[in-house]
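You will see subunit A twice below: alongside subunit B first, and alongside subunit C after that.
Then we have the complex of A and B:
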């Protein structure tokens, strides 16, 4: 019964099973991208504003998280939090872990982007009568985000790739399901891995197209 | 009542004593030029008036409100006091017209129609009506500065502060900006404080000249007195170094 056909791996059941995994990967990614973009922006702004004690405190926590391996954070949320009475289903545990880690990475990008804006922009706006918040919303953030698009997108691309780390807690995402599929038959290994590679590529290529579109619109 | 009043003001940057016992009154409608060598504290002094720099001692009354009083709302003062910077500080992400319209819209809640009419009239006044849709990056230095002046005027301020408005400009751009400033000074209700090295402008427009060195006001005289008969040796020396024919 051994055949060498490259498409043999893709029986209807296997394809359906893999697509389900893709759904999980996309689901975790999209929710984490949105959450970490919002949280990362807030944390980055807090660090930038240099609020006495508070900014230092937030900055320290952020640096600790940023320097931990993501897998460790995933393990912590899935295995350690339940011991503290917080039980999260595996999907949401992954989302929380990914969002926490990516927020801290994005916060650093946001802080750096804000630092790169000329002080004159703040002074011009403040002298013109704008409040601190108006200055941020109308003048500084639009300029900062425009500069930050490339690093933010490359961070979000690694977020999509990093969802595969959730295999570590047996989240049934795409890469994990690929493993299950090629465990059926060793000839499936190469086609399945190629298919998965293609899907990650398409996801991330899509992201970079969105980035280009934003970049042109904001230019 | 004076528009701006410094009483025994002291300003420190950390340990560095940048303004020393400043006493100064500027009346409504006056045009005052502030000069002095580099590092004497001119920018620092002018920037305390709209709260871009804090003072540590004394009191500083602007339009009757004490800037050193924590209860004073700094944004209320900034509504009435415009500032023009050496490096323009136009909003890089907004067109020339939007630069002029933004603060009146957000801060004064001026209606869109009135805001646009006022802004266009001001751009026309500073010779930039045809640049309304351009971004700051598409303007020359002199045009940027005139746009920045229009932006300040759109708030209908009671006072305008200028910190070396022509120092970053190519020589051939300076005249247009000074013309606009001269025009503003003619308005008898506008209070102007100008830091500049343009002595011809000072002579032609200023009611008074303040000379600073090392964080102190050394001389405060009428324009005529200052240029014909400076009392302080350091002012005499300064005048002999700058070209003031």
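Then we have the complex of A and C:
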């Protein structure tokens, strides 16, 4: 039995426990990417439209959030917001922190995407009698989003990796559960770390291949 | 405000360690990143493979796992503290992103530059060092700057392994004063002192380069 040491860590219970953690990791990532896609689009459009004062204000807040460590935002949401009377359970605190951080990243991508659209598209649509909002929704955004698919997938990869930071507030995701498993026995450390690394790698490498495929198709 | 006054030396020490870790990691990751970028564009297939695998592996796994690997596994063989483990992990992780940036920079330098340098009798290494890389770095400068900003932010990972950085000290102050709100705001301001001016500078630089092109 001693020779089989490497696999000792992977009892059915431990494997099931770790896979449950993967579920939490994927859950947080998917919910956060959807929320930050919506919020990031709105912030990006506001910045692009150059509404006096308001756009500058939103842009400044966005820059501040973008330049803070995600870990700090996670701690702030979970440990500091309760001082203001906002109590969130761990899972939702993580989702809120990650969505806030990622939407500031996505806002930059959306703004960049919008700026890359030819001015003639706006003028043509307006000349054809579309309103400002119709121009945005039917003409400009579809073209901009197409260009944004690869960078958005890169952001999703960051999200999946960054959920591991939530173990700082004891969210029971995969990295945290890995720590629980190898706390049982110090010989488990290497096999468990390798197994977790492999799962993250396969997940993210798969996503990066999808991004590459889109990149090639859109080029 | 009294919280800031009472704990100022602690915050300052954390700020110093964050800056130190970021600068060490920047230097190491620039060297490693450039090395693996060049591997990826060499004509030899095996060199390209090695460069590619290195970049894909470090780009697709969480920084935290790399940090734990050094702190829990490597530290058993080569003794190191949390600061060292975190800084090494940070260097390896960032070098993958820098390799991508530098590779893109090298590829955007016109082919004629290399051919001209080789035709004038420079070796491949010399052409790379004196002709191609200086131009590639200039093109890559804005994204390298953004990588440095990410590096400073990611150095907060040191808090997980007792790295004495700003985030770690912030957690300590929050735990002793119970004033989490003010503490984390102060920590945020310390981070912004480094990242915000850099970020605005890089945005400007990007705009200027775009107009120049």
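Everything that follows uses one rule, which is that the second predicted complex is superposed on the first by the 201 of 219 C-alpha atoms of A that agree within 3 Å, B and C clash if a C-alpha of one lies under 4 Å from a C-alpha of the other, contacts with A are read in each partner's own complex, and residues count from 1 in each chain.
Throughout what follows, a contact is a pair of C-beta atoms (placed from the backbone, for glycine too) under 8 Å apart; a residue touches a chain by one contact, two chains touch by 3 or more.
These numbers were taken from a predicted model, which means no experiment stands behind them.
With the C-alpha superposition on subunit A as described, subunit C and subunit B fit side by side in the combined arrangement. In the superposed model, A:120 makes contact with subunit B only, not with subunit C. Among subunit B and subunit C, the chain that touches a larger number of residues in subunit A is C.
Shared-chain residue A:80: touches subunit C; no touch with subunit B. By the document's definition of touching, neither partner reaches A:10: not subunit B, not subunit C. In the superposition on chain A, contact of A:168 is made with subunit C only, not with subunit B. The superposition places the C-alpha centres of subunit B and subunit C at an angle of 100 degrees about the C-alpha centre of subunit A, rounded in steps of 10. Contacts of A:145 after superposition: neither subunit B nor subunit C is touched. Legend: residue contacts after superposition of the two complexes on their common chain; A:134 is shown touching subunit B, with no touch to subunit C. In the superposed model, A:205 makes contact with subunit C only, not with subunit B. Once both structures are overlaid on their shared chain A, subunit B and subunit C have a minimum Cα-Cα separation of 21 Å. On subunit A, the patch touched by subunit B and the patch touched by subunit C do not overlap at any residue. For subunit C in complex with subunit A, the touching residues are 56-57, 59-65, 68-69, 72-73, 149, 153-157, 159-160, 167, 170-171, 174, 179-181, 183-185, 187-188, 191-192, 195-196, 199-200. Looking at the complex, you find that subunit B touches subunit A at residues 50, 52, 75, 78-79, 82-83, 85, 87-94, 102-103, 106-108, 148, 151-152, 155.
Put simply, subunit A touches subunit C in their complex at residues 63-64, 66-72, 75-76, 79-80, 82-84, 157, 161-162, 164-165, 167-168, 175, 179, 189-190, 193, 196-197, 200-201, 204-205, 208. Residue ranges on subunit A touching subunit B, taken from their complex, read 118, 120-121, 123-131, 134, 138-139, 142-143, 146.
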